[in-house]
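Lettered A, B and C in written order, each chain numbered from 1.
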Amino acid sequence: MTVGTRPRRVTRVTGAASAALRSTLESPRRPARVLAAFPLAVYLEVRSETEPHVIAVVTGEASRLPNAVVLTEPLDGLSSGDEGWAGDGTVGIGGLEVGVRRWWDPAPPLGAADPVRLPAALAVLDAIGARSPRRPGLDPAGAPALLARGCLSGSLVDGVTAAEGLIGLGPGLTPSGDDMLSGLLVTLRHLGRAADAPGAVRLADWLAAAVTYDARTRTTPISATLLHCAAHGQAGPEVLGVLRGVAGLQALEPAVHRLLRLGHTSGADMLLGIRIGLSAVIAEAAPSEAAPSEAVMSGKERS
Amino acid sequence: MNDLVEVRAGVYRDSVSLMRVSRALTARPWVSVALVAMATALNVEMARDLGFAVPGTATPGDLLVAIRAGSADELADAAADLERHLAERGSAAGSGGARTEGARPGGTLPRTVRSAARTAQASAAPATPATLALVSVPGEHAFAEAMDAVAAGLSVMIFSDNMPIEQEILLKDRARERGVLVMGPDCGTAVIGGAGLGFANVLRPGPVGVVAASGTGAQQVTSLLDLAGVGVGHVLGVGGRDLSAEVGGRSTIQALRALDADPATELIVLISKPPAPEVARAVRDLSLTKPIVAALLGPGQDDLTAAAAKVLSTLGVPVPGWPHWPAPRPLSGGGPLRGLYCGGTLCTEAELITRAMPARETAEFTDFGADEYTRGRAHPMIDPALRLEALAAVDRGVVLLDVVLGHGADPDPAASLAPGLARAAARGVAAVVALVGTDGDPQGLRAQAARLNEAGAAVFTSNAAAARHAARLAVPLTGGAV
Amino acid sequence: MTLSMLNGEPHVITVGAEILGEALDRQAVPRTGVDWRPPMAGVAADVLAGVLADPRRERANETAVGRLVSARPRLVGVRPAREVLGLEPGTFFHAGPPITWDRASGPMRGALIGAMLFEGLARTPEEAEAALAAATGPDGGAGSGRGVTLDSCHHHRTVGPMAGVVSPSMWMLEVADDEHGGTAYCSLNEGLGKVLRYGAYGPEVIDRLRWMGEVLGPVLRAALERCGPIDLRSLTAQALQMGDELHNRNRAATSLLVREIAPAVVEAAPDRAAEVLRFINGNDHFFLNAGMAAAKVSADAARNVPGSSLVVAMARNGTDFGIQISGLGDRWFTGPAGVPDGLYLGAYGPADANPDIGDSTITETTGLGGFAMAAAPAIVRFVGGDVADAVTATTSMYEITLAEHPAYQIPGLGFRGTPVGIDVTLVARTGLLPVVNTGIAGRVAGTGQVGAGLVSPPAEAFTTALEALAGALNSP
């Protein structure tokens, strides 16, 4: 490691930012630090109480997280520990100064989804989930099954208890438990609204409050920020694509396979969360004809 | 005299890029003339009139270079500079960074939209397949490229103008069959999922969808909404002729239906000059499920600012006071009103407003974006020269100008305009500026406003407010209080 | 209605002013840039737009190119021309668009003289020349008995390399299209050196033709009867993956053909097998003629689709380069044949070269030859450069073609299908002319081959075809 100050020329670039970052970026400039640097993505932690406090600066080839600023240029020469800032309309990392020329919506509404089509969509998700070699990082029979039962029975206490147990559970930058909760929260919020199931939206509110309350102390900073985003229904295009598929707005199966390709287990973890959420939405949208996912309920799947 | 004359066979660059090169070379000291243009009959004649010995072999498919400098050394420097500019432009053709997916093995770029669509469709994840095409080739050649897009199942924005109307109608009919939208021809503004195409502002995403036959009209409404904190999902341009009786609102109807079906859109704004009566009827008969706010610029209609306010109240959002910056020194009143505009719709709006106001000496408006001023030169939103000349010629009374920010516009309009405004103020001319833009725009709304304001102008983010203010100023002092 | 572009991340194709594309780059909008140029000189914008607006065009082109690439050519027989083409004594077919003696170039004249001698219609070259000078076209001289008649091979489901002269006693390869039922013919390849197709007509040329008629043809016919039809589509596909582009390089295809047919040759004619196989092995281009007949039968399947702007023939007679268009029947659109640019044999140079000649451009018409250059790195020096140039040549042809061949693939391009199906409108729009690989004939009759290289078709063949397409719209 080099000691001392490296004289650096500032390179000004521009990109497209998630609208979730609007308030963080419009605030007065605050210092930040690079948490992790990869060839396609750099995670910048901003010293701030407000969320999202981690900004993902990514190239177009990377997965577009809901807290991302997407650049055209490649990300070179950045490493963890580099100093930076965010605010006054720009993000700085190392020698890069990033301006925003486009804002995109990380939580586009689904519109109305016919509740009648949801059970068939759930069956597709279950079937692909069961077949896929991409397994979730957690044993579905453990805490996830408990969470599923809590959501289905409409028991807030069970749901919240199970959710709290899942925060930060598992290895990696985004632990499996968090990915699962993210999938669940986004599904409850979007499909609950789309299928006119206010109970599911209410459940999303409660779970979101419980999960975000002390996320920063329970899991990695990146994962905590993504949980905050999910609490607002904000997600990456892979998760949103599956929800659009469930709502009949695009082909479902390819969307599920795209999601499953994310990370080591992230995609499979999020899919598990989506399935639990979808079961709950179905139960809430048409309580009399509830057709809960047997697989998710019993946690029968191998891990 | 040191002349360089060259005809480069088969080298093509678009006219806007070449104008930028010519301008950069002319800006060098000791370069008296620099003409870098395609060797059309007109350009060749111009070069010969300037005394350049252009070879007779030049065809419109060749690049003509004609540079005159004070010394041989200067000429050599200018020539080297030219190479640099051309190389820069050449590499920019679709290689603007890592995300451009046109390049293929063999280093060739697609030569038609048809081929590009095939390339983009074939390119692997995570890159998305192409979703639309943006066509800005000369108007007589635009049909082929637009047709390619429609045939490939892509919507298309046609920035080019001068497309024959029967081609427009044909394209729009094919587009309807394919379930895609033709925006244009002569469509200057669109925003698709936050991406600004042509002249557009940096807008936050949100529940408002816009269908616009007028680009600057759409920019005014969406900028005001953004200033009020309300986001816009999509701005679908349709081209200035779409609501005429001949075209029959073909794209307007498509665009309205599409926004009505778009889950993210909660309210639709339609911006146009008053449509042909039968077209207005067809639009009314659409029976859409979402509320529509129409801004139809004509006598007795809402102005654009009023339409923006109506959108806000429909959404239950309080209407803010639109940001404005009063002139630093009180502007003297009286005298003729001179309107110098870039945006055609903004010009029309200002004219309608001032005509409806109490009598004044005279009012004369010029739209520098109109065809007769843009032939052979860039749009005034990029090249301010003509308008600056007109501003310098105003010696009394009130001058009213629009400044439009956003993508595609001059990166720093205040830089060229502020000195002219200051000199106008020194001549006793009262200047009022309608500044259309958002806080997210690359030029920075507030920084631009501050510099125009420091130059002595009263600055308004609402064109209607600016027009009213200017008209009131222009009323002779004896005629009433300002 | 729903518009797909309103969902998800936009990806924009930009064509025209660069500043608009650059503005998208600054917004990190994925885009594909188009390197646009004004249309080819001589193309009127309204003519082009008129043809592009034809409501039949898109479907018609899809149909036409679909037929071209789905053809299943098989070599089914070898028979004398008089038998299969009903060729009368005194009638000769030739390469390219129709031509008269007075306009014919050296090699074309030489080949016709040779054919007269071969058919016994003249005793000396001078006698042959005199009769040929009085020759008429197919309409003028019909049934006139002793007169000589010239006609284009293409008018008779036939193609011929270089001069492409076909006379009644020559033996023809017969290729049938299993998919669409067509048939096409091409003569047997004579080998290299002094040969008729390059305009040589000395005694050794005539002797070789006699041997081909007496031995080679009958033996091949008998062999084919034994081994059954040969699948030329599959053979071509394999040869492409073995370094042939099937116009200037046919080494792999010839080897594959020999492998298929050799046992049957031995069985059918044990006495003659050695000389027949030695003859075929001695000529790397033996397959070319079978490949040309296969290309011809495929291109013919795409003919006569109303509204289609697909090129179904490109051919040269040594004077004119002509093309035919699917939607325009048997009309030819021509321009002067150019002199190829390439490598010369021995002491020959450009001054010795004849303008472009032969029907072998039927290979380019069907996506082979110059269009498949990237498959044949071994011969890139013919086309003036290195492997990158070959890749560029093939890649640029995707810009003017309607499809990628489903069976003919190029390993070096990730097994992408060859560019196939030239569209006149795309040539006119891009100004990119088809890349043609070709042999170069000596200018003086009887010289033979002097080199090989690349040639560009004349632009006016394409611009006049485009005007004819526009004209056909106005007078249905």
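Throughout what follows, a contact is a pair of C-beta atoms (placed from the backbone, for glycine too) under 8 Å apart; a residue touches a chain by one contact, two chains touch by 3 or more.
As the structure is a computational prediction, the values presented were derived from the model and not from experiment.
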{"item": "Innermost chain by mean C-alpha position", "value": "B"}
{"item": "Farthest chain (mean CA position) relative to subunit A", "value": "C"}
{"item": "Gap in Å, rounded to a whole number, between the CA centres of subunit B and subunit A", "value": "38"}
{"item": "Gap in Å, rounded to a whole number, between the CA centres of subunit C and subunit A", "value": "58"}
{"item": "Between subunit C and subunit B, distance of the C-alpha-averaged centres to the nearest whole Å", "value": "50"}
{"item": "Numbers and ranges of subunit C residues touching at least 2 other chains", "value": "7-9, 25-30"}
{"item": "Sites on subunit B at which at least two other chains make contact", "value": "96-97, 99, 127, 193-196, 233, 262, 264, 407, 442"}
{"item": "Shared-contact residues (touching 2 or more other chains) in subunit A", "value": "14, 16, 60, 72, 101-102, 104, 108, 249"}
{"item": "Complex interface listing, subunit A residues touching subunit B", "value": "14, 16, 19, 22, 59-63, 72-74, 89, 99-105, 108-112, 194, 249, 258"}
{"item": "Complex contacts: residues of subunit B adjacent to subunit C", "value": "10, 12-17, 20, 38, 59-61, 89, 92-97, 99-102, 104-120, 127-138, 140-141, 143-145, 147, 149, 151, 153-155, 159-160, 164, 167, 170, 179-181, 192-198, 233-234, 254, 257-259, 261-262, 264, 382, 407-408, 442"}
{"item": "In the complex, subunit C residues that touch subunit A", "value": "7-9, 25-30"}
{"item": "Touching residues on subunit C, where the partner in the complex is subunit B", "value": "1-39, 41, 45-46, 48-49, 52-53, 58, 374, 388, 391-392, 394-396, 398-399, 413, 425-426, 429-432"}
{"item": "Contact set on subunit A toward subunit C in their complex", "value": "14-16, 60, 64, 70-72, 101-102, 104, 108, 237, 241, 244, 249-250"}
